[in-house]
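Labels run A, B and C following the written order; every chain starts at residue 1.
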Amino acid sequence: MAIARVAEPSGSLQDAKEWGLDREDLLQMYRNMLVTRGVEERGHILYRQGKIPGSFYTGRGNEASAVGVATAMGPDDVGTPLHRDMGVHITRGVEPWRIFAQYMGRADGPTRGKDGNVHMADHRLGLIAMVSHLPAMLPVAVGCALAFRIREEKRVAVGWFGEGAAARGDAHEGMNFAGVRRLPVVFICDNNQWAYSTPTHLGYAVEHLADRAAAYGFEGVVVDGTDVLAVYRETKRAIEKAREGGGPTLIESQTLRMEGHAVHDDAFYVPKELFERWAERDPIERLRTWLRDNVDMSDDEEDEITSYVKKLLNDALHRAEESPLPDVSTLTEGVYATPEDLDTPHHK
Amino acid sequence: MATGTAVDVVMPQMGVSVSEGTITKWLKQVGEDVEADESLLEISTDKVDTEVPSPATGVVSEILVQEGETVEVGTLLARVGGEVGASAPAPDAASPPPEPATQPAADAANAAASEGVEVGDATEQPLAAPTETTGDSGSAGNGKAFVSPVVARIASEHGIDPSQVEGTGRGGRVTKKDILAFVEGGGAAPEAPPAPAPSGQAEAPTPAPPQAAPAPAPAPPKPAPQPVAAAGEPAPGETFEPVTAMRRGIAEHMRRSLDTSAHVTSAIEVDMSKVVAIRAKLKKEYEAAYGVNPTYLSFIARGTVETLRDYPWVNGELRGDKIVTRNFVNLGFAVELADGKGLIVPVVRNAETLNLLGLAKSVADVARRARDKQLTPDDVSGGTFTITNPGGYGTFHGTPVISQPQAAILGTYAIVKRPWVITDENGVDAIAIRSIMNLTLTYDHRLIDGALAGRFLRDLRERLQSWGEKDY
Amino acid sequence: MAEKTYLQAISDGLRQEMRRDQRVFCLGEDVGVYGGAFKVTLGFQEEFGPWRVLDTPLSETAIVAGATGAAIMGMRPVAEMQFADFVSCAWDHLVTVAAKQRWRVGTPVPIVLRLPSGGGFSGGPFHSQNPESSFAHIPGLKCVCPATPEDAKGLLISAIEDPNPVLYFEHKHLYRRIKGEVPDERYTTPIGKARIHQEGEDVSVITWGAMVYTAAEAAKQLDDLSVEIVDLRSIMPWDKEAVLASARKTSKVLVLHEDTRSGGFGGEIAATIGEEAFEDLDAPVKRIAAPDTPVPFSPVLEKAFIPQVDDVVAGLRELAEY
């Protein structure tokens, strides 16, 4: 018994224009998705070379979902992306070399070695750092929206959670509070069908997680997460609605997690046919085809983009590898904030 | 047979009441090979300077305490074998080790015939002040036995023995208030213990094998030495140097000895001409046959031992309410360390069993071992009587300090050629040139009266003046 | 200056801050229309409106995490847990998100969490706890426990000013029982500094919250003993120097808290005294605390649970006679 609306697939260039995307924007999205995948592919190599300690998580297959949502966010909007949403960091402007430094626990990573993987923040870019307990950041995103509402600012918060995390109380409590107060927050559920080894039918009993939005008093939408333009369109709609006081929306973005839960997991429990089927819907390949078909992306342009990405990542890797390991003396620094830490524009 | 696992090298206990030692020189550095029993380092305590042999064969892997540092007995100093550690590299002596250098060779003594020079009797006296009066000595059943940390600290800062303080705490415990009141009431003067418990007299102190670490003698609350006022800063023209463990020990002992015994000195002149003549004859023979120099000291020692037989109290001890006398004589000889940095009193045990040659040999042996820093705790404890030679530099009189807990000490002085009145067989007086030596007996008047002392000296003189060629 | 109850001091302090700084707002269950379960925010919604005095759903996570998100966006939320006991529902958020943002990613989280704590009125196991020690144990959080009306206002203002998450434990049993002089103007009481409640020579009592008054009453009964009482006020950070100075002065220390004994913050204090003032001790450091049980309901049981004046008198006497 489906309740949520299922989004239309993306259409022509005309549709894209209607939603505010010009050719350059579209090529930029393509670039961002390539950089996202490139960063994570390099990360795999680094990990196997022993240069990345701990564990390593990627969002292969989620590039369109991440980039699509991030592209729809306004410059003053904020978000709490998760570990499958590297595309959000890339799109918002986090430099790849910093991400590599973060992976390798170096002093120039955004957390200076204090946290790893994609647990990073950048306030100037409206990015709030995730934690491992999911979806603990969801009610935090709601809190950001609360601040915007109290101050009557036209800003929107975007909160991410996976279909697995939807089982925890934080999701319910966050969404309920947001619904009750009609807060300017958009909830993105990255439904990649597997919570580690737990398939969806062991995670929730409704047909779509987006159906739960009705239970909180707002709209739910299901979208094909490999269709970056559809994702963009739905997110843009939801964000602008929230911005104008229309309250929250829950967007369920459907993809398949194309790799294991983390690098140590070979996902043997995922049926091979599923991988094959979804490989045919690779989000990057989809956009590439669409660009060639709809905006006449030429071989040269494509090559130029490909080389640009390659060079960007090579340089980034180089720079990151030169970054030193953090000094041990920094371990005990910064446990507590000082008044100076609040000396930022949005704290004034 | 090098050791694979690291073997500990600890600060040995050089004497029952010795609680600490100073490293004066590392003979091996980290990374160097050392054989078991080979000397690894030199140490200095208030009792004795000695070398510490390595407990194992191997490579010195760690040195943890540097030259010049003073540490408690049992402290880990180094390790042999095992991995060459990251610990202290080759010691960089911050302060020059108090080189207890060689004592003057016996030959160097021109006129005087003894090894040492200065007054000495720092034998077997604990370097820490109030001996083993410890807070613990209050036996069980008495809450007084327990000393809390703050009380221990205040006690040590003021040199107080907590057991001397009235306790109002649980079970008679001395509380912080009690000891503070005591301090304010002026009770801070450290008491000289009446008769210290036999500090290694009858019992031979366990010959501390240098590599083992016997339990440190002083029981808990470390009785610190007298409260020494901090010297502050040197005034213009003044220079400071640190007080060594040995000097501290000597200072403690001297003070206590004078506070304990009733020191009186009697002196007598002895005509040593016969001894001089006989010695001249024996010297060549002894040196050729035995490799030993029959020094004047050995003659005097022989005469003394004989005489002591008739005066057991002079070889005795006032111990509490008893007078102790013995059927043996452990004869101590005060020996000066080079540079005047201190002194030592090695003991020849059972001197009554030695003849002149035996005594000459023993005295030479202890002198050499003192010089080579090979004395053991046994060598410097258990004395019953001491001979010292303040006359080595030509002085003719002195008043040495008795080596506690003995009853007397004999002082010998320069043998000087003097015009002397002698009376021949016919009762006719004439002036002759004789070799005259002063002897003093400093005795504890609590036990020994002047008359006894006088008789002792008279008899000793008699023996020395009538030494026969056949006497030995 | 005026005489106020402990509760009035908190209320006035909060109201002053909300008037002074638009970023300060309240959120919690029943804080708006009802004025708060204990009436701390009585009249607030009338003055500041429903968007600055928010009646939230029954959701500690939404309250505390919501406060965190708002604080990250520049607000200065003062969130209320209706009873300190309910903070366990928000434990994950506090420990996982709020406590670690600054250290991990440089993000300060300037939130205040008001926690009505403590027992003594048959509140039972879920309305009487003193959970300060679990949070004192989490690096990144601060914990304060005022005992006097003056400190209640001053510490609340300091907490609001502080750029870190501050757990403010207001003792329910002091709300209306304790009165004191409270300055009218705005002032701060430093977090991390103790206060000498009364000076003494013979024995020190290190304590906080309602136990300060229990200690004072016990000291009065021991007129032959000069008792020094140190009101810690701040549990994390805590005034180690003041505690050590008192320990060195009297050499006999009693650590007293209403929280249960094992794992209570008194253990940290006692261990520190043992480590750093060992040579100044004339007796072992003594602790008096509640036994390791949930808080009982029946008055006779609760009396056996919460340290009473008689317990403290006995403990002090024992120390004195050691």
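Methods note: a residue touches a chain if its C-beta (ideal position, glycine included) is under 8 Å from a C-beta of that chain, and two chains touch if they have at least 3 such contacts.
The model shown is predicted, which means the values in this text are computed figures rather than measured ones.
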item	value
Overall pattern in which the protein chains touch one another (line/ring/star/complete/other)	line
Interface with the most contact pairs, given as the two chains involved	A-C
Gap in Å, rounded to a whole number, between the CA centres of chain B and chain A	84
Centre distance in Å when chain B and chain C are each reduced to the mean of their C-alpha atoms	65
Distance between the centres, which are taken as Cα means, of chain C and chain A, whole angstrom	40
Contact set on chain C toward chain B in their complex	251, 278-283, 321-322
Footprint of chain A on chain C - complex, ascending	25, 51-52, 54, 56-57, 59, 61-62, 65-75, 92-93, 96-97, 100-110, 139-140, 142, 161, 163-164
Contacting residues of chain A [partner chain C, same complex]	78, 110-111, 114-115, 119-121, 123, 128-129, 131-133, 136-151, 157, 169-170, 173-174, 176-177, 180-181, 334-339, 341-342, 346-348
Partner chain C, residues of chain B touching it in the complex	148-153, 169-170, 173, 175-176
